[in-house]
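Inspection log for the structure reproduced underneath, given as structure tokens.
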Amino acid sequence: MNVSEKYKDIRMQTIAFCKHLHIEDYALQVVQFASPPKWHLAHTTWFFETFILIPNSKNYTPFNPDFNFLFNSYYNNVGDRILQASRGNMSRPSTDEIYKYREYVDAKMQELLAEVSDNTIIDLVILGLNHEQQHQELLITDVKYMLGHNPLFPVFNKEYNLVSDVNSHTGTIKINGGVYEIGYQGNDFCYDNELGVHKVYVDDFEINNYLVTNSDFIEFMEAGGYADFNLWLDDGWSWVNANNINSPMYWHKIEGDWHCYSLSGLQKIDPLAVLCHINYYEANAFAEWKGMRLPTEFEWEIAAQQLDWGKRWEWTNSAYLAYPRFKKENGAVGEYNGKFMSNRMVLRGASVATSKDHSRTTYRNFFNPTERWQYTGIRLAK
Amino acid sequence: MNVSEKYKDIRMQTIAFCKHLHIEDYALQVVQFASPPKWHLAHTTWFFETFILIPNSKNYTPFNPDFNFLFNSYYNNVGDRILQASRGNMSRPSTDEIYKYREYVDAKMQELLAEVSDNTIIDLVILGLNHEQQHQELLITDVKYMLGHNPLFPVFNKEYNLVSDVNSHTGTIKINGGVYEIGYQGNDFCYDNELGVHKVYVDDFEINNYLVTNSDFIEFMEAGGYADFNLWLDDGWSWVNANNINSPMYWHKIEGDWHCYSLSGLQKIDPLAVLCHINYYEANAFAEWKGMRLPTEFEWEIAAQQLDWGKRWEWTNSAYLAYPRFKKENGAVGEYNGKFMSNRMVLRGASVATSKDHSRTTYRNFFNPTERWQYTGIRLAK
Amino acid sequence: MNVSEKYKDIRMQTIAFCKHLHIEDYALQVVQFASPPKWHLAHTTWFFETFILIPNSKNYTPFNPDFNFLFNSYYNNVGDRILQASRGNMSRPSTDEIYKYREYVDAKMQELLAEVSDNTIIDLVILGLNHEQQHQELLITDVKYMLGHNPLFPVFNKEYNLVSDVNSHTGTIKINGGVYEIGYQGNDFCYDNELGVHKVYVDDFEINNYLVTNSDFIEFMEAGGYADFNLWLDDGWSWVNANNINSPMYWHKIEGDWHCYSLSGLQKIDPLAVLCHINYYEANAFAEWKGMRLPTEFEWEIAAQQLDWGKRWEWTNSAYLAYPRFKKENGAVGEYNGKFMSNRMVLRGASVATSKDHSRTTYRNFFNPTERWQYTGIRLAK
Amino acid sequence: MNVSEKYKDIRMQTIAFCKHLHIEDYALQVVQFASPPKWHLAHTTWFFETFILIPNSKNYTPFNPDFNFLFNSYYNNVGDRILQASRGNMSRPSTDEIYKYREYVDAKMQELLAEVSDNTIIDLVILGLNHEQQHQELLITDVKYMLGHNPLFPVFNKEYNLVSDVNSHTGTIKINGGVYEIGYQGNDFCYDNELGVHKVYVDDFEINNYLVTNSDFIEFMEAGGYADFNLWLDDGWSWVNANNINSPMYWHKIEGDWHCYSLSGLQKIDPLAVLCHINYYEANAFAEWKGMRLPTEFEWEIAAQQLDWGKRWEWTNSAYLAYPRFKKENGAVGEYNGKFMSNRMVLRGASVATSKDHSRTTYRNFFNPTERWQYTGIRLAK
């Protein structure tokens, strides 16, 4: 696929997911960290308009001059923006108008792509498409959060379940200690935070070739895992108590049986399915209870060729920090990754909600240790 | 109009207002004290279903058993309910389904009204219709709040302005002191909090036959009214400072001129128009600055026959408390008014947003002294 | 007693109470609404220095120029001040220095009083002494709060109990409806909020000549009073649930028996003693449960000559608002009472912690409806 | 010095510092993260009582059975405890009684030390003494916080300044990349978090042999460093804006000159002195502005033999996480370090407030990235 086809394909996938939404779903923001679907649709479009069309397309007229303010996410370099917590205050512009905005920008992008040869621009388009893929995953998780917190537990789509996959491997992989190279070495797209190939020394380690299952975690729960402070990090123990946590997100005990909400509706927990929607503190406490630990992001990357991965984002025991030769790019695009390098933990792998072609063994995902609404899981090491 | 026609008429007015909404507007709650339009539509319908159809209509099947939980507002007697702050978390049930709910209940209500003769039931229907009228006004003020806090300041309807009316009278009315009767004495509908006719003694007083205008209030602002603590109640002064208040709600200074948002869009302040959207603290501070005071609710009621009123809800200097012989009714309907009798001030009159036939000189409206999103104004006395 | 003797006497009473404190007690503020003892000692002294010595005493040198900032309570007219919530941040100036400050000001006051004849000044001194008496009561309640929330429940003074007094009367007093005069009519000291004698009309009413006892309230508790929302005002019900309230303040159930903390230590509840430390919401809910109500402040004042009162501050069903001819004085002294006239309820009577000679039938005390740390009780009417 | 002498010596140093306190200072807690001096005195004593005397000293009678509850800091394994935020609510037990508690425990400890030969016990005593030294530093920083936030800026001790030291070296140290060993390898005391010697690979790097000075930082401030979001981590930028930060902690601009509070009182900033009281975000932003970076904790440890260090705790760019072979000990002592391994950054070195003999090149200190009340500074690397 050339860039123009790739553009069409990826942009179309965003729409394909949204066709299952009701109009009322588009504007809603039920929690600060999740954005309304309408906002995702507009913001990804704003990215192409702001970073590609306006600087490079002659005579380009912005679709609506207010949209820069409305749909800038966090790029301080591109002017004022509304706070993340207020994204759900906006019933207008209407969903219709956002779809028109997408069509308008898509048409202009196709014109531009038909004639462009400058690699800098093409690289920015590729970045924009990767950015769109990240928002495709957030769209899924944000919609799940909204519907999963509606007391009616509505079905989004009978065919989207995303929490039923099982391990296809067993056993443990042993890796010898030594100096290894870390970081992206290919020629295709990667994020700036993966660059700067560098050496790390790791000790001998063993890593499971499978993820923790629901039944494993139910064992932990039944053994009183949520009540035993010795298993928890101090901040994690505060989180458990402040929020009365006693199960993974989306789990509900109904007439004695654990159920969970999925995009296909409320369903009984499948004990064999891979555990989902736990945060770093829960992952860490579970590992502690097992007498094992989470792998570091380096161990994960070193073992990755031999691992069965891709069902869940896997919490690692590495804080999200810069690689030794990390250099943020100038200007707004440089705000992409670097500024989040505190108070976040690295997740490796990819989830069933991750867009196709949007994963690789060097990919560094990162979230606050409290967050659970992504499709997250646990792999153990020792 | 008989009750059946009245029912149709009032229920239809709710829909008439809503036809100017976009679908995305229906589910949004942008502040805790305002409810989404969809909720108002459903809750007023739930009232008829719960208090009239279920107990009185043979073989009535509730439209959807979940709706009692979803659309109960604050009636603890009728079971669990979702908290007011979470009413905006619900994109589902869809607006379509809510309209079907209304049609379903309306049809059943017409069947019932065709044959009912029991006055207790008819009285409850009348209460339900008055309840619907109260929500019609809240629909207007809640929609205004949502659109007025959208950075695009969208026009709701070119023909709804509601903040441009001017005083049609001047002068001051003098009333002699003495013992007067207070409370509703007619035979038509009134709320329980107006009942219990009782005597009060008032001193001689004078009350303006006009309301404070925008230009009056701009004078106060320009004289530093918002910065002079001597004019403010202690709680009011805290409110001003905690929220950096320096103008009425919906006012914006644009290129040197004061503008305000109305349902017909952003417009220049008309100096002659009657002031709107101020809270009790602002009303009190303004009166203090003028060397006058707000009337008590008793003074207002005594003078009402001679007053020009009906443009704004007028803050009085009376706390909302029970009349001497106030008796709340048993059961859920008894929760209507009595339980709010602390920390609220009485407003008398009616506003341009109040439904027709939903005002009388004994009507007691009440809000927290901080609230400004109703169409509130100031009348001075001494 | 002349003013000079009265000054000595009242100032000495403040010290007499404090001699039971430990030095560590003096600087502590454990909750926002209670001030540290040291602050009370200094602030009452600051009142005499600021309002009497500085303007009237030739060549007076302020003890320490920082003290105006440190010990101004809420008088915006007298310059900047530290926020009430930060009064406990100050270990310095030391307690010793505060006692020296008192001695210094007392000596200067005696010099002034020896020669002053200006009634305006003498009236201000009287106001200052009444102010000191108010702080004497606050000292008691604030110290009780601090020690009563110390997990050791320390004894302040074996001889101060203050919660064991019992009713000495029974029966109910009947008052005929009619027009009565309200407000202070004597020639001695009273606060500005009692002035403006005016008429009110009241209906026939009956009022108990005794207060609710501990055993009465235990009945309410055992009948599920704290769990029955029908008894509570809406704001009260929120307060009960947000704070998990199930008994009066300072009550603890120990091995099956209710105990309460008093200044003489933890002790078993005496069922016959008069109930103490409940707020307006609890008073109101109890009255509702009994099928009675709280008296208004007017009913209380009208009946007062015939009532046995003075054990507890009694919650009335009147909001704290201005009397018809209320006029606040100019300047800082005018900030004394008027600015608190919103969101507070009136209490009438006096408590066992009230200073001698600091009560009268027209006295209007006022607190937020949530507050319980004063010696408050319930009298019922109907 | 043998253990018995060491015990006397270290315990005495705690008292030596406290002799400059006023009694009112002992009970005060002005911010959640700082504890009252009295609490430090008691808690360090509680450590010896709970972990050494009670299990090992025959016939030992606890000084006061309530003290376990009062002075347990965060050891969930040793029973209930009062929350850190409430440590300042306690005027009782009195300071006197706490000193008696120390004397009582010290006497019993000397008896025990005279006869003990069990190394496990002696190791625990050594741990207790290191624990005491940590609290000695916290005593200093907590007292500074309390007095530095008193509007009078009281002098604690004319001879304690602690912020005037200057760099004694210049130049930059170059280290060749390669595999190095990290972690404590000696036979003396160290904490569990330093154990598990392991290899790390580091690239070539350069590290300054001096710390950032006040004048360096003033340059940053004058260049608009606090206002340029490009320099800040996202969480840091939120912190700057939420708290209106524009200088290091304890700095005040008075009549055009920067001053800072020290334990010897308010003083003019010495431009040559080493910068103090900045948090991780400020350290990171400053490094960014200089086009350099903070060293990792491994780089710091590798370079340490050649570095001039010990004036300030130095923020590193390493998150506080477990070393590969970290194993927490069983029981309460195991709660010491491991449970804080999230959301904290490592500081290396030692400060002028650190107790003698309480530093080494492998020591890992850790704080939240927002905290500034420790004696923290900046060393740059590249």
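Think of it as A, B, C and D in the order they're written, each chain with its own count starting at 1.
By definition in this document, a residue touches a chain if its C-beta (ideal position, glycine included) is under 8 Å from a C-beta of that chain, and two chains touch if they have at least 3 such contacts.
Going by UniProt, the chains are A, B, C, D = Ergothioneine biosynthesis protein EgtB.
Because the structure is a prediction, the values reported are computed rather than measured.
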Which chains lie in contact with each of subunit A and subunit C?
B, D
Averaged-CA centre spacing for the pair subunit D and subunit A, given as whole angstrom:
37
Rounded Å distance, subunit A centre to subunit B centre (Cα mean)
45
Quick one: report the Å distance separating subunit B from subunit D, using the average Cα coordinate of each chain.
57
Please output the residue numbers of subunit B that touch at least 2 other chains, ranges allowed.
none
Show me, using the given definition of touch, all chain pairs that touch one another.
A-B, A-D, B-C, C-D
Interface with subunit D, subunit C side, in the complex: residues 22-28, 30, 38, 66, 69-70, 82, 88-95, 146-147, 149-152, 154
Under the touch definition given earlier, write down the residues of subunit A that touch subunit D in their complex.
74, 76-77, 177, 179, 198-201, 203, 229-230, 232-237, 280-281, 284, 293, 317-319, 321-322, 324-325, 334-335, 339-343, 345, 369
